[in-house]
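Structure first, then comments.
When the chains are written out, they are named A, B and C in that same order, and each has its own residue count from 1.
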Amino acid sequence: MNEMKTYKLYVGGAFVRSESGRVTSVTSVTSDDGEVLARVATASRKDLRDAVVAARGAQPAWASATPYLRGQILYRVAEMLDGRRTSAADELVRSGWSKADAAVEVDAAIDTWVWWAGWADKLTQVLGSVNPVAGPFLNVSTPEPVGVVGVVAADRPLADLAGVLAPVLCGGNTAVVLASAAHPLAALSFAEVLATSDVPGGVANVLWGDVGELAPWLADHADVDAIDVSGAPDGLRCDLVERSAGNLKRCAATSGLRRPQTAGEFLDLKTVWHPARV
Amino acid sequence: MNDRSAEPEPLAAAQTFAGYAPAPESTSIVTLADRYDLWIGGEWRPPSEGRWFPTVNPASGEPIAEIAEGSAPDIDAAVAAARAAFDGPWAATSPSQRSRILFRIARLLQERAREFAVLESLDGGKPIRESRDVDVPLAAAHFFYHAGWADKLDWAFGGGVHARPVGVVGQIIPWNFPLLMAAWKLAPALAAGNTVVLKPAETTSLTALLLVEVLREAGLPAGVVNIVTGGGDAGAALAAHPGVDKIAFTGSTEVGRSIRRATAATGARLTLELGGKSAHVIYDDAPLDQAVEGAVQGIWFNQGHVCCAGSRLLVQESIADAFTERLVARMQRLRVGDPLDKNTDIGAINSGAQLARITELCEIAESEGARRVQTTAALPDRGWFFPPTIFTGVDTSHRIAVEEVFGPVLAVMTFRTPQEAIAKANSTPYGLAAGVWTSDGARILWTAERLRAGVVWANTYNQFDPASPFGGMRASGFGREGGRQGLDAYVNLEAAS
Amino acid sequence: MTIDAPAWRDLPRRPVDAVALEARAKELATRSIKAASQAAAHELTIRCMDLTTLEGSDTAGRVRGLCTRARLPDPEDPECPPVAAVCVYPSLVSTAVEALAGSTVKVASVAGAFPSGQSSLELRLGDIRAAVADGADEIDIVMNRGAFLAGDTDTVVAEIAAAKAACGAAHLKTILEVGELGSYEAIRWASMLAMAAGSDVIKTSTGKIGAAATPPIALCMAEAIREYGDLTGASIGLKLAGGIRTAKQASHYLVIVNETLGTSWLHPDRFRFGASGLLNDVIAQRRFRATGRYTRFSDLPVD
């Protein structure tokens, strides 16, 4: 018999129980008798609030870290996940995945983290520009992180999460992730990867709970600068975008597409003019 | 030894010269119709509800033409026309043909520049010097720049993607740069192969309607650009229209929010260029005389009807008094008056409503304890005018330091250290633009990096160029206009097979 | 010889942003000078003109001719005001003094090894004293650009101060030779030094090298004059020379002076054009204003 672990939320670099005390039992989908696989701390709006505070606090240092360092840290995430390849896949299998599907899922996630790790020190070159204005000026556009990004992740707990979280972090944003409701264990285990990968505390915060309950708070939050609603069901998505109007969040549904423009959804372009003449 | 401070007897000729005799631009080049209809599907159509409203010359308060008041059924018709053109003739127009049409539009605008400039000043109140030297040339430049992109779009987005047009685009533009904002919106949309329903601002429709002649002459197929004039209802109908694939809006933050909500329901893509309260930071090592000019450009360009106006001047305390003194002296030289006079620096306030708002915000500023300094020259005795104004003794909590005035009113504050300058500059929900003046290169870079704004003008202000992306952060909106990055808003990227 | 330099270290050495300066000058050039203001511009241009001849081939006869023109610039219009001064080499000062006797026209002389200034200070000062002794009202000297560019500010200032002393009651105009200074910042700093050293007027150029007055340079120097005035109360004059050939160019400069230094600077005591060809263009414009017909330039007097 396995130890029945309680999975915790990952906020500010620490694994915490919900302030609400809410815990959800996750049962095995493979056994008929409803065997409890694990118990999962279930986030409340106050946990979400705390996660935003942590993300905001961590953001300036993360944004001002060199892109080289951010890239190394994202690569470290891939390395750490690779090191936990077997246990991550096992966890998926225990949640009902086939062995083959679980292996594909873990591989895809690792691949995505590696892919984005390599973008950290290239986004500025690819998305930015030196602009040939008609005057004696140096005119340079560079992408800058918007700040704190709320992410509603889609179902696949490792690959989809990587697809939406990595591009957000890559550009220097910090994130509050609402993990997929369907697969809490893999997502929260992945937070343990983040915690051991040199990702500074607060840079990536992972919550699990009722997305329908939590996401509107995220979309309403005035200190969240952007949201990726990729994982929100259609009915909820419209509501979240409407709520985002309050502080004019950037809204995207990137679905983790692998292109630099995905990271660009969470970057604001800054254009600086300077005269060049004596 | 002679006395270097002797005061010579003034010459009469000097006084006569310095008065700058009136130099009015002739309006004979402009032919106004009595009444304008809506431009839909390549023809002029009367508004469905049969209503027109007057457009007024703000320098005289007199109506100069009647403008069709479009409403929801007209928006329906315009969107349908745009869709038909998108699926039909515009889809059949090759990228290189699109490019040529845009080049032609640019040329025709240049050739008719004077006509557009006069009409812009007549309808909107801005000084002819600016409509002639800034608005119209830049509008032509935007078409010229984007013409070249029309058949090169895939190169704009790196590898692995094809850029496809979004579809039917709704564009809602403001009254402060009527033709230029139309150009900012239309040029990239057309270059990328979209069709457009354009809703000009209620008080300044005429140059957009004149642009129809240029678009036709350039060979733009019917229905590719449709213009529905009218008020906020027409704009709201466009923003919420389910047949529109993308909305681009420039205007107030308040309206921007309502458009965000409207497009949440339709799923249309959205770019917003909204308000600002831009900080203009003057360090004590700045080139002072030029910094004074920068401050002037920052706040008094276009009567301060500029979303990116440098309306919060942050001056380092050690030079604050001297700088303000110079700025006040310079302000006194601004010539306020007839927008069509070539020597006018400050024209008319665009509307009575805007004048009332500016007046009210200034009264509030005084009642909160800020000190008002204004030009002393007499204002014209008719039309809507407001003197260039500086408020000193402003605190960060005063409304004049927080709210967008959208008029010729500058709030002056001070700071002691670079860190304080940044903290004060960023203390606003907006993030459109910012300025910084210093002669220290490292300080420029340090400051520019920290100013939270989409455009940072370092040792300059209010510069615009079609190759330079423009747009805001935070409550100033999202999306960029101009430059390679400005194309993003008007394409859908598909994976290249 | 050694001379003490007047204090200059307290003066602000301001950076100048070239692009913004040029943009402001360009903006001022958009002022549209029409009707009565245009007529006034023509009058001021004449009244503020140093009619100049500085050629190796100058003779007494040529200078006398120029002096006649200076008193009566337009033979067809006796109402036309005289120019401010005639500017000649030192050897021709006495000729000019005689020819201009009884008029308001001043005699100005370049002196001090014009245009390079590259001879000993004693010789340069002697040149000045001789011109003053011959009756020159105004002396145009060149700043020591070599010393300026080498950073020897004390020498720059001391030499100008010595020239000022040598001038006695005559007015001292100091030529910066802006085309050799390399940047607006240097022009502005040289302006401050020349004023601190006692110059009554600062002047752009000798006219002997290609680069001369431009609107942004005029603006830059006017801004320096304004700041020096704010600091000291002195009202220093500005003289623009080199390349100013048309009435329209001149009126742009008048706008720059008017809007930077104020209307009181539109006066020959405070502002000068150093020019020769400019006069005939202004006369042609005046005749056009008077008659409504364009002028044949060959009908105008030859100086």
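In this text, a contact is a pair of C-beta atoms (placed from the backbone, for glycine too) under 8 Å apart; a residue touches a chain by one contact, two chains touch by 3 or more.
Bear in mind that the values here come from a model prediction, so they are computed numbers and not experimental data.
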item: Higher-contact pair (C-beta pairs counted), A-B versus A-C; value: A-B
item: Farthest-lying chain, centroid of Cα atoms versus that of subunit B; value: C
item: Chain whose averaged C-alpha position falls nearest the assembly-wide average; value: B
item: Separation of subunit B from subunit C, taking each centre as the mean of its C-alpha atoms, in whole Å; value: 43
item: Separation of subunit A from subunit B, taking each centre as the mean of its C-alpha atoms, in whole Å; value: 37
item: Approximate Å spacing (C-alpha centroids) for the pair subunit A, subunit C; value: 70
item: Where subunit A touches two or more other chains at once, by residue number; value: 135, 137, 275
item: Contacts with 2+ other chains: residues of subunit C; value: 17, 19-20
item: Residues of subunit B whose C-beta touches two or more other chains; value: 459-460
item: Partner subunit C, residues of subunit B touching it in the complex; value: 1-2, 4-8, 10-11, 13-23, 129, 133, 285-291, 293-294, 333, 342-343, 439, 459-460
item: Sites on subunit A touched by subunit C in the complex; value: 135-137, 275-278
item: Touching residues (chain side subunit C, partner subunit B) in the complex; value: 14-17, 19-21, 23-24, 30-41, 43-44, 47, 169, 171, 200, 223, 227, 233-236, 254, 258-259, 263-264, 266-267, 269-270
item: Residues on subunit A engaged by subunit B in the complex (per definition of touch); value: 126-127, 129, 131-135, 137, 139, 141, 146, 225, 238-239, 241-242, 244-248, 250, 259-261, 264, 268-275
item: Subunit A-touching residues of subunit C, taken from the complex the two chains share; value: 17-20, 22, 182-185
